[in-house]
Each structure stands twice: as structure tokens, then as C-alpha cells.
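In the two complexes that follow, chain A is the common piece, with chain B as its partner first and chain C second.
And now, the complex of A and B:
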């Protein structure tokens, strides 16, 4: 253990300073969601309605995971963009190594809201308010949240680190796809390009498939 | 908006009136004649179609294939397929139903060319079913012309046919056809979901471990006033709500008092309902699950004992399980509620695909050329 912090730790500490207020707010939210879902479900007339009520909170978990990923990734690059990468350019390291350190530092920061979600979910799992005939799955829910946050973080990190030209290419590709779809339709083709693209992203094993499906903290 | 609509409707009426006035009487007669002649042609065509269909139904395939307990009438073109499939299905039925599977000799299976095809020379699909005594094909289904697809269709048809031979009391109690696929821990555990999500107090108590409630929920013992024994007050109110369309007409004053919160009126309404409209506390899936468990622990000849034992349903199930009915219920409940539960929230495929996408996006970020 030396007194001088490593380069990664220095980057991590600066990222922590930039993101801590947002992270603490999201951590509080992820801690609260399981408790709020339980509170809203207690008093359900039967097990089926209890599960349905818990299931309605799935969207909150998915939004929280997407929010964690988005904010952590955007804030990781915010100061670099604002200062035109002067700090990064002044460091005697390759660009990819710098980006990797930022990437891993962000992943480490995501652990905080994940941990608070686990604590909240465990409290619900051990609560006497959950019907005895049902099972709680705090670990499975936390794992899903972890993977969803990781995917969101990676996607937004890649977008944030890209150039304006790359963003232009992506937008042009989307526009081209829609134009091609119109041409194919006009030619009488039954090929549904936007449908295929939606499936590619949302259906398993698509990029955003982890956000869909069942986020069940309590199940049969 | 309304004004505009009424204006349009008025204009449409006006146009229709003028159009009718301009039609000549001669034209009307001419059109009537044409319609009459078209109707006559249509009637002839329909009669021909009906005749063709009934002839086709009566013309069952001629090739007879015998394999184990199965007798199959097959078109010559499908004889090889039918023989191979019958060999598979016959052994499966014998394993699941024991000597009861021999009853399939009275239920003749059919495989033939489908009635309608999208492509004339398409031989990828076949029609299968069970031949009735009057030569019709019951439970017709169209499947791919492969042993896997045809055996799945025949299994389903054989399950229904063999279940239809059970005594009416047992058949009515079960509510569904028995299954021929092997009983596994997974299929038995699926019954837990059905039991836990049943909307009756008896089922709920059964899930919590009250064995007497299990017997009542499974309808193995006679129950006095089932609506009061098997359902709680809230569930009975749901029942009244469900039948409100009848009750509010037949017993208006009682219904009004019940909806106003008078429990005595609600109880009276419930008592006025015929016994056969009171729903069963658990779904047929739960009863089938119990029977399948009894057959599993009963071992050799279990289905024969279930089908052939004289007595009540409870007696039959006890004979199949080779133990007193209370013991069978106790073991079933313990097995059901202790079966491994698994979360549907997370699976390995989601984890792997998420990791893949995260790594891919991370790698793209590292390759970005913002300040190169």
C-alpha cells in the first residue's frame, strides 16, 4: 500500500465526485422500490392479485436500471467533453486504456444502487407481509437489475464516447432503413424491416431484451 | 360534428332516393331473375360440396396397420409413416396406461391425405384422427407428415380416447383427459402454481399444510354446503357478483340488501344457488396433478387399478397409489409444496446475452477515435 494513488483510483475518485449526488439519489430509489411494491401489494385479496400488484412495479426496476446506466455513463464523459479532452490528452497513456479505466470506474460506481436494491429486496423477502405460499427471489431480481444497468451503462458509455460523425452514421443508417422499408412496401414486398429491427433489439437475445420480461421479486 | 354527420346522412338518403327512382321496372325484374338463377347455382354447388364431403368422410383409408395395441387405417402413401409412428406411440401408451392401453384396439386411428391443401402436390401434411363407429373421423387434426408430429397428434387423441373409457364419475371428477407423457419432478411442481393461485379458502389452507382441506379442495370427500365450507366470505361475495345477472332478477330484494352489506342476505342468496353452479375449489389441473402423483407412487399397474377399482373416486385413487387416501394426499401435498421453485426473473440466456452486449458496447467505446 503506497501513499500515491494509482491512475485508475484517481480517475475513479474524480468520477465519484461527479456522480455521487445522482448515484445516492438513485440508490435511495432502488432501495425504496421493493419496499413500495410490497406496501402497494399488501392487502391484495389473494396470491394471484398480490403477484400481479408486485409485477406492476417491473417498469420501475427497468427505468431505474436504465437511469443508473444513462447517468453514470453520461457523467463519466461530461467533464472530458466540456474541457475538450485536455486532461485526457495530457496523460501519458493510450486512448483505449484511458477509456477502459473510465469504463471500469463507472461499473464500480454502479455497484452502489445495486447493493441498495439487494438490501431493499432482502427486507421484502424476509417480511411477514409476503403470503407464506409465495416465494421471494431477491437475488434473481438483483441480478437482472445488475445486467440491465450494465447493458444501459455500456450502450450510453459507447454513445457518449463516440464522435459526432459516428452518431451521424447511426442516424443515417436508421433513416436509410426506414427509406428502404418504404421502397420495399411500394414494391409489394412483405419484408418488415422496422419489425425485424425491433425484434433484434427487444426480443431475446436482443440488446434491450433484459429490460423486458418479468421482474418478479415475489412469485409462486 | 353532429351537424356535419346528420348533413352527410341526409345527403346519402337523398342520393339513394333519386337512384331508386331512376331504376327502371324492367331492370329490377331482370336483376331479380339473375339473383334467382345465381341462388339456384349456389344451392347446387353447396349440395355438391356437402355430398363430396360426406363421401370423403365415409371413404376411410383401406390399408390397415396393426402395431401393438394400435390399429391404424392409413392411405397407402402414408403406410410406412403410420407403421413407424404406431410403434412409437403404442409402446408409450403401454408404459403410461399399462393394460388399459389395450382399449386403443377399439379406437381406430386414421391417417390420410388432408381435405384441403394450399398446394396440390403438397405431401408435407397429413390428417389424423380417430374413426367413429359410423365412419366419421373424430378429433381431426392436420400435422406434418413426420413421425414426431404424427406421434404427438396420436398421443393427444389416444389420451382423450382412453380417458373417455373411464367411468363417468371419474371422468367428471377429473375434468380433463389423462396424460401419457412421463411424470417428472418438473411437471408435478407445476401443480404448485395451480394450487397456490386457486381462489378458494380450501386450496389456500391446503397449500399451507392442512391435509383435511386438501381432501376437500380435491373433492375427495363429501362436503356439506360447499360454498360455505370451501370459500370464505369474500370469495362468496365474488360468487354473488359473478352471478349478479341472474340473482338481481330472481331475488331483487335479497340482492339489494346483500349489496348494501347485509351478510344474512348474501348467505341466503348463496343458499338459493343450485349446487352445480358452485365452482370447484381447484382447477382440473390440480386434480390431474394429484392423480399423476398417485400413479407415479403406485408403480406397476397403477392406471389399471385407477380405472378398474370399484368405489368412489377416493377409493380408486387410493388403489392406484397403493396406500390410504389420506396418506396419498399428505405425501402429494408435501411433495408439491417442497418442490424446487425457480425464479422466472433471471435465466442464463439473458445473463449471457447481456454480458455479450455490454462487452460489445464497451469494446466499441474503446475503439472510438474522438481524440486520436
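And now, the complex of A and C:
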């Protein structure tokens, strides 16, 4: 054993160990998405077809951002849950501080796929294969990805940190909403509860609005 | 007498019919306090309450002079805890576990941790998940000791370990206690183990404290008396009769608590005949104490 790390670093090291395989896989993916999108668009006859071909990859960025947030958050708590939090609770540290350290360690880990996305996007931006009449937005795309990944991470971190009972309440509430919707529809109502909630969260200024919109690396 | 742990009217009802009720506990500072009780008596729950791992519903808990659970950060910094079940991250190696634990304990002794690791035969790059039960027990004890605590709370630390590992673990514990004058609360249902090392004993059953006293007093005070003419001897006894059993020839065997040799006079004064005073070991005393408690309940 060498040296005594800071508490944050010690927790970061545990999270790195739990997350690294998944994180490396996602980092490779975020590096590859811009390159693959370029490759599939290169043969386009004109700029509009080039753009629309690039746009078909937009959903991949959103999924990657949601995936990195979800997996990093879940893995931050997975072993504590498995051990019923006994080790964490027996440490001489305030519980809120422990959670904050786990949270910030996860944010630091998310920097890796963000960095590889930026590298991949910059390679595309500086490639001679992008038509001269179009512009590349590697920084804007990376910022959007960063924001989306952080939103996803925060939401899933909060859910993952809750007890199984709380998760059960959330699932029960969702189930109840769908059941209520079916009853309302059967009664002839035109209320669409799932649709309303989807709009509430996904349309601006909803919490998850960042996942909608244009995820364009190359645009006019 | 100063107490490292003190509870008053502690109450906790987790459901399922079980409850810890009006629990008063006094662990003298510097003592090796054995916490005995059958499985399901509430020992683990009590320990979890003491350390703030489970929130109490009523009563007061003072650990190392601090109120629990509000002062748990200060208390846990001075307390080594070995839980009943392994609580370490299975994917970390032994060395990574030590590194993680050391980060949270300011009094962590790296040199001694390495010495204990060598003494316990733990290999640094082995994953916790691949350790045997005995090795995991040793690692948990190592973590608790190397943080140099003033109080050690050990919940069945040797349960399921083979005799060799058990001896290693207890030797390391006793060496630490003798050099650091630490207080130890050790819960177990292995009566002989506690008899060998503890100087205080508490017996818990069904969520209640049945007895709490110095070990010697417990062992000296619980006797089996063989009495002839037992009917004459019944009355205001200076000791507590826990159980009576018919013996041969009209005699009886009494299990008594609070016995001292001077009490032989009582039989002379009542006309009863005390034939024999039999010493009980801790296990017999423990079993009889539980029987009488359950009978009374």
C-alpha cells in the first residue's frame, strides 16, 4: 500500500474501478459517432443530403449522453446498495458529504467520453471531406452532449441513491398514471397523461429538453 | 465509573413482533464487554442503534461521551466496527480496501496495518470477493484495529471462523487492547469465547437486557445448590432463586443468583440442609439465566 489518499480521491478510485470498462466503451463510441456520421455522409450529392445524412446520427449522441449518465450514476451506488450501505454508513463522514463526493467523482468520470467526443468532432471539423459551404460545430455539439450527460447523470444519481422503497414508489406512481389514463380514455376523456408528461419534461424549458432539438455536428 | 457506551430507555420496533424495549446498557471505559444472547435476541440491532446505522425511536445513546446518532462523525472516527456480515467492496483488492479505509481515518497506522496484513497472511492484490470467510474476517479486524480506535464494536467477529483463524483474530484484538487501553464491545453467542476474554458480561434476550455485571460476579454469583429439606429453606432468601428442580430423596437443586459463601448461614437459620454448592461455568449460567428470564416473561 502506498500513501494515504484524500477521501475524495479514494472514493474516485473506487468509482473508476467500477465504471472504467463501461466508460471506455462509451468513450470509444462517442469518439466513433462523429467519424461514422461523416463517413456515411461523404457520398451525398449535395449539401442538403449531406446535412440530412448527418442528422440521422443525432439520436446516437442523445442516446450516448443518456447512457453515460445512467450507467455512471447506477455504478456509483451499485456496490453500496449491495452491501446495504453498511460500509459507507460506518465511515466518519457526514452522509451528505459522502453523497456529494460520489456525485462529483462521477462527474469527473464523465469527462472522459466528453473529451473523446470533442476529439472525434474536431477531427471531422478539420476534415477536407466536409463541403466548404457548410460549417462544423464541434464545441457546440460537445457542450450539448456535456449538458445532456450531466442532466441524465444527475437525475439517475438521485434515483439510484434512493432506497428500493422509494424506487418502488416512483414505479408505482408511473404505473398508476398509465392505469388512470386507461380509465380516463375508457370513460371518453381526451386527456393524455403520458403525452402531457412527455411534453412537460422533453419540451423546452423541461428538465430533459436538452435531449430534443438538433444534435448537429455539421450544419448550414 | 465512566462509560464508553451508555443507553437509557432505548426503544426500537422494526416490526414483525420484535422490539427493543427500555434498553439500558452501560459499557465501562476500558472494559472488554461481552454481549451475549441467543440468535435473534437483538444484539445486532442494538449495535446498529449504538452506531447510528439504524435510527432509534426513543431513548438516549451516549458513545465516547457524545450523543448518538447526532454526533456519529466524531464517534465513528474513534470507533472500529466489525459488522456481523462482510461489508467490504468485493471488487477491490486487499490493498485498495486498506487505501480506501485509511483515507477516512486520521489515526490510521500504515506501518501497523502492513504488519497485521503480514501477520494475518493477507495478500495485497487478492480481491475481497476471492477471500475465504476467515480471510475476510481477518481483513475486517485489520481495518478496525489499524485505525487505532478508542472503542471497538465487534458483532460476532469470529462467527463461522475456524479455531486457528479465531485465535489469530482474538490475539490481535487482545494485543491491541492491552497496548491501547481501548474499550471493546464484543457480541457473540459463543459463550466460552467471551468467558475467556471478557471482564464484563451482558445478556440480552428478546430485545431486553437480562443481566449486566462484571464477569467474575456473574460466574461467582450463579450457583447450583443441592439442598435437603428444601421445603424448610423456602422463604425470604438473601439470594435470587432462578430455578428449582426436584433432586433425589426429597431434596432439591436450586439455581441461584447473587450467591456468596456467607449465605450458608441462611440454611442453618431456616433448618434446611445445604449439601453442596456447585460452580457453574458461564454457559450453564447463561442458559439457566435465559430459562428463568423466559419463564418469568
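Methods note: the second predicted complex is superposed on the first by the 197 of 220 C-alpha atoms of A that agree within 3 Å, B and C clash if a C-alpha of one lies under 4 Å from a C-alpha of the other, contacts with A are read in each partner's own complex, and residues count from 1 in each chain.
Note that a residue touches a chain if its C-beta (ideal position, glycine included) is under 8 Å from a C-beta of that chain, and two chains touch if they have at least 3 such contacts.
On a predicted model such as this, the values are computed, not experimentally measured, just so you know.
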Clash or fit (per the criteria above) of chain B with chain C on chain A: fit
Partner chain in contact with A:89 - chain B first, chain C second, else both or neither: both
Which superposed partner A:216 touches (first chain B, second chain C, both, neither): first
Which of chain B and chain C A:9 touches, first, second, both or neither: second
Touching partner for A:18 - first (chain B), second (chain C), both, neither: second
Touched partner set for A:79, first chain B, second chain C, both or neither: second
CA minimum distance (chain B, chain C), superposed complexes, angstrom: 6
On chain A, the residue positions that both chain B and chain C contact, one per complex: 89
Contacting residues of chain A [partner chain B, same complex]: 45-48, 51, 85, 88-89, 95-96, 99-100, 103, 132-135, 137, 140-141, 143-144, 147-148, 150-151, 153-155, 157-158, 161-163, 166, 204-207, 209-210, 213-217, 219-220
Complex contact set, residues of chain C against chain A: 51-53, 72-77, 81, 83, 85, 87-92, 95-96, 98-100, 102-105, 108, 110, 113-114, 124
Chain C-touching residues of chain A, taken from the complex the two chains share: 1, 4-7, 9-11, 13-14, 17-18, 79, 83-84, 86-87, 89-94
Chain A-touching residues of chain B, taken from the complex the two chains share: 192-193, 196-197, 199, 204, 207-208, 234, 337, 341, 343-346, 349-362, 364-372
